[in-house]
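Next come two complexes, and both contain chain A; in the first it sits with chain B, in the second with chain C.
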Partner chain A sequence: MFAEKACSLIKELSRCEEGLPPYNIELVKEVCTEIKQLHEQNKEDGAIVANESEIAGNVNPLYPTLRIGSAAVKRNIRCLLAYHYNRLRTLRTMRWQFGSILPPDIKTNLSSDEIDWFSKYSSCLGKYMRSIGEDGLNLCLDLRPPKSLYIEVKCLIDYGKFELSDGTVLLLKKDSRHYLPRSECEELITQGVFHHIV
Partner chain B sequence: MDEIDIESALNEIENESDDEDEVQISLPEIIQLMEETWLNEKFSPEILPNKMEIVELLLDQITTLETNLKKLNNSDFKKGLYQMEVDRLRFLISSYLRKRLEKIEIFCTAILEQEKLRSQQGKDNYLSQNELQFAQEYDQSIKDNFESVMRFCPGIIETQIISPNIHSMVFLKSKENIDGIVIDDGNDDNDLIDLTTGAQVLIGYKSISNLVKNGDVHLI
Partner chain C sequence: MFVEDFKTDFYEFLAGKRVFLMVHYDIDSICACKILQSLLKYRNILYTVAVIQRLEDLKRAYVENCEDVQYFILLNCGGTIDIVEELEPEEEKVFFILDSHRPIDVCNIYSTDQVRLLTRPEEDALVPEFNDIFRDQSESENESDSDSDNEGRASKRRRLGEEAILKRRENRLWEENRNKLLFEYSQFTYYARASAIFMFEYAWKLNKEDKDLLWLAIIALTEQLIFGKIEHTQYILEMEALRAHCTRLQHKSNDTDVLTSLKILFEKDLRLTLYRHWTVEHSLKYSMFTAIRMKLWTLKGDKKIHELLADMGLPLAQSRQHFKSMDLQLRKEFHSSLEKLSEKYGLQDIEFTSFILQYGYQHKYCASDIVFALIAILEASPRDKKPEELFNLALDCLSRNKKEIIDNAIEKAKIVAKSLFKTVQNALDMKQIINAGPFVYYIVQEGCLDWYMFSHQHILLLLSQFVLKAYVSMSRNKKASTLPLIISVPKNIENGTCILIGIPPVCETSPRNFFGKAFEQAAEKMNCEANCDYFDTSYIEIYSKDRTRFFDALAALLN
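Our next item is the complex of A and B:
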């Protein structure tokens, strides 16, 4: 059936809501070939219909074929673009979560175009954030309204030394607990070094 | 602790240290304006005219406050309270700008077209200069990506422009007495309503989008 492969591309993406599945290059290629074939076929049929339409009162039997063909091309293209667009949106969310450097396990799931896009997005977002006020504002911080000044966090990995803005140096060990200013550890929480104990 | 107290206290230290105070509006007023702007942006379905002047005023104030805070002794009880308040202000600004970026990204092409129309008609742009640049770069990057996806068969690309649903319902609170708001629900028989100061209603956004933009009402 037409556009079945394109549909399965979309299904594959919607099954993993949180993460990003590997870029399915084979299926994308198959969908592309299908579009190309249909497009060629439509062009041929269209030419025949255009030639024969000069005969008055003739309802060409190719009309329905042509309609279905063109609908299938449109549907295929929409699915294909939706697949790529939604992957980019997920990537965008990741830019806000992880910062400008992607974890390697995610990077392996991307196509080269997507890696390009990510660095472009990252740089224009960075440029925008630097342009706010006099010396820029990091919008990736302060993601949630502050409830209290200090929060209790549990360290999930052996991180090593960590210097606070007032100069105190902490040694972060696995499973150690700390009571720190929220602004200092927000970044480490998103990176998964800390777990916020509520 | 009463929030207003902290704000006025903050204002005091700010005035003590800053003798040549050039800003005419006081900090509590800026904060109130910023809160209103933030709520409007948060609840309106479409992007609103930028209020970068308020953001910049508040950012300046935050910088001054932070320098003043550094002078306070660490063991001072007040320091914690002030720091908390500064953090909350910074969240306000970040959240406002983030919300705008989200809208710009999702409705990118639609917003850029509207902005182009506005420049042609000689109206003020809704986006700030930097936001506009971001929007253009973002739009271009998405289009580039689509084009490279469709590289195998050029010329048949057709994208759909996503635009906001300006008919969605919003809660608003009126700041003025406003008469004769036309409720635009797509039918011919349009109803009129009058709002008194402080009235709160649930209404379709399209009917009152102008009032939000000129500040007669605010969204809640």
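Our next item is the complex of A and C:
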């Protein structure tokens, strides 16, 4: 059936809503060849129809075939667009979540064009953020307003000494609890040193 | 020195500073710590929490952090030792101490600035006057110098003036008086009001109390009752005060949604371990209270339980069901029918008043349930868990949304109750509780099944109370109720050390414990290596090979 492969492409994407599945280059290529084939077919059929319509005024039996062919092409194109657009959308939210450097396991799932797009988007965003205010503003922080400026955290490993931005020094030992400014902890939480206690 | 005004001298004082919390490893401290944490959060005071089990931990935590932190808060530790001497802190370090262990070291009381006690002095504590125990150092030093000079230079010929002799005599008298006062003051170790209750009252004064904090104070109080740390009258007094808070807070709040409302109910409870979460038969059998009153370790006692159940009209099949799955009618009547029969079976005072926390439909726990669950987490967990981990788990267990942690802990607590009972039964059957004259003792052998569990402070305390009461109820010796008990449990098999606990005799109504001093003196007398760095000095760690000699020394001392 026409457009079956394109449909499975979409299904594959929708199955993993959270992350990004690997860019399925083979299937995309197959869909493209299908489009090409259909296009060729349509062209041939179209030529026949055009020739015959000049001869006789009655309804040509090739009309439905022609219609279905062009509908399948359109559908294939729509599916491809949707596939790429949705991947880019996920990628954009990831830029806000993870910052300009993507985790390696996600990066391997991208196509080269997507990596290109990502770096361009990053630089655009970076440029915009630098232009706000006097010395820029990081819009990626605190996407949702924090409930409190300070949070309680549990230290997961023996980290050693850690200096806060105001100069005080902490000794971080495994399983010790600390109450610290949120901004200081964020980095260590993403590094897996701290666990946020809710 | 005692902190006079909590708000200005502690709370406002610490605002904007970084503090280091040292929390002792017990339930009261955990509750107090949780209340304090919520107070500190209101003022955005940065803190770090460390768990302290022994003096050694306290010292290590201090050394590791003294460079970076200026203010230390000690919960349930450090009050009974001379902080300045033990830690040798620099002048600008400040220690705030909230400790329910008594007696407080006099040096801490009379420290001018560095050590600040958050408790209030008890009226009956008989703290010696400052002038009776401290003197101007230079004065006495001069004298001792001149004394040694006198002796050193063969000045026997020189006649001492009458004045000097008088002065010396006065000195000697003063010293004798000092030693006597100090001995009287520190003779007994005991527990005062729970730290969590102090903390809750401070929160109340700061107008920052709520029902969650009240519940923590209730748990701390219940813990003191269950472990016999306070007298029953004191419990009732404290409980009435908390009850007043409870009604006040209940009226104050406006959460009417049944699903999310938090209710603390004041209710009568039974002295049966975890019966709401267990089967009636097991709970009756393994609770310390019923076991002792009905001598359940004997065959006769076993029959008595069935008799009691029959009298109550509780079918056996039902009594072996989980309490929650029993017939509604029987469940409702359980309380009253047990009360009615209590006289007949010698179970007077089986009821006591307590509190129940209800949150939504599912979460309904009695204060004593939580205490047993916490103790099971803290002391009956697998050996590979570190105390810090368990401490964090216990803190989690106290928050409302972690139901599965509580339920797991309750399952563990049942195992603890069973093994306590079985150990006592075993000890009685094998006649392992031995009378040594002025005291009785029981030695938990190394090969014993649950020795590791008993090497923890609180479970050991429960075991010792259970053993002593059971011994007294079985003994033909009329004096049995006047004998104190010592239990020895292996602590570290590789090093060959064991931990000893001493508890006062059954006939004593007050839980004041004299073993702290006795252990210290016995160890001194026989010159053995003893490790008494527990904050509760009625525990001591010695080498197992010294044990027999140690008991002999104790017997000689107590005779």
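Quick notes on this structure:
In this text, the second predicted complex is superposed on the first by the 166 of 198 C-alpha atoms of A that agree within 3 Å, B and C clash if a C-alpha of one lies under 4 Å from a C-alpha of the other, contacts with A are read in each partner's own complex, and residues count from 1 in each chain.
Basically, contacts are C-beta pairs under 8 Å (C-beta built on N, C-alpha and C of every residue); 3 or more make two chains touch, one makes a residue touch a chain.
Since the structure is predicted, the reported quantities are computational estimates derived from the model, not experimental observations.
In the superposed pair of complexes, A:L139 makes contact with chain B only, with no contact to chain C. Of the two partner chains, chain B is the only one that A:R92 touches; chain C does not reach it.
More residues of chain A lie in contact with B than with the other chain of the pair chain B and chain C.
In the superposition on chain A, contact is made by A:W117 with chain B only, not with chain C.
In the overlay built on the shared chain, the residue A:S183 is in contact with chain B alone; chain C does not reach it. Once the two complexes are overlaid on the shared chain, A:V169 sits against chain C while remaining clear of chain B.
Touch criterion met: A:Y128 reaches chain B, while chain C stays clear of it. Of the two partner chains, chain C is the only one touched by A:E152; chain B is not. After overlaying the two complexes on the shared chain, residue contacts for A:V73 are found with chain B alone; chain C is out of touch.
Residues 148-149 of chain A lie in contact with chain B in one complex and with chain C in the other. Taken together, the chain A residues at the contact with chain C in this complex read 148-150, 152, 154, 161, 168-171, 173-181.
In the complex of the two chains, the chain C residues touching chain A come out as 18, 37, 40-41, 44-50, 64-65, 67-68, 386, 388-389, 391-392, 395. Against chain B, the residues of chain A that register as touching in their complex are 28, 32, 35-36, 39, 73-74, 77-78, 80-81, 84-85, 88, 92, 113-114, 116-117, 120-121, 124-125, 127-128, 131-134, 137, 139, 141-146, 148-149, 166, 182-183. The touching residues of chain B, when paired with chain A in their complex, are 55-56, 59-60, 63, 74, 80, 83-84, 87-88, 90-91, 93-95, 97-98, 101, 105, 130-131, 133-134, 137-138, 141-142, 144-146, 148-150, 152-153, 156-160.
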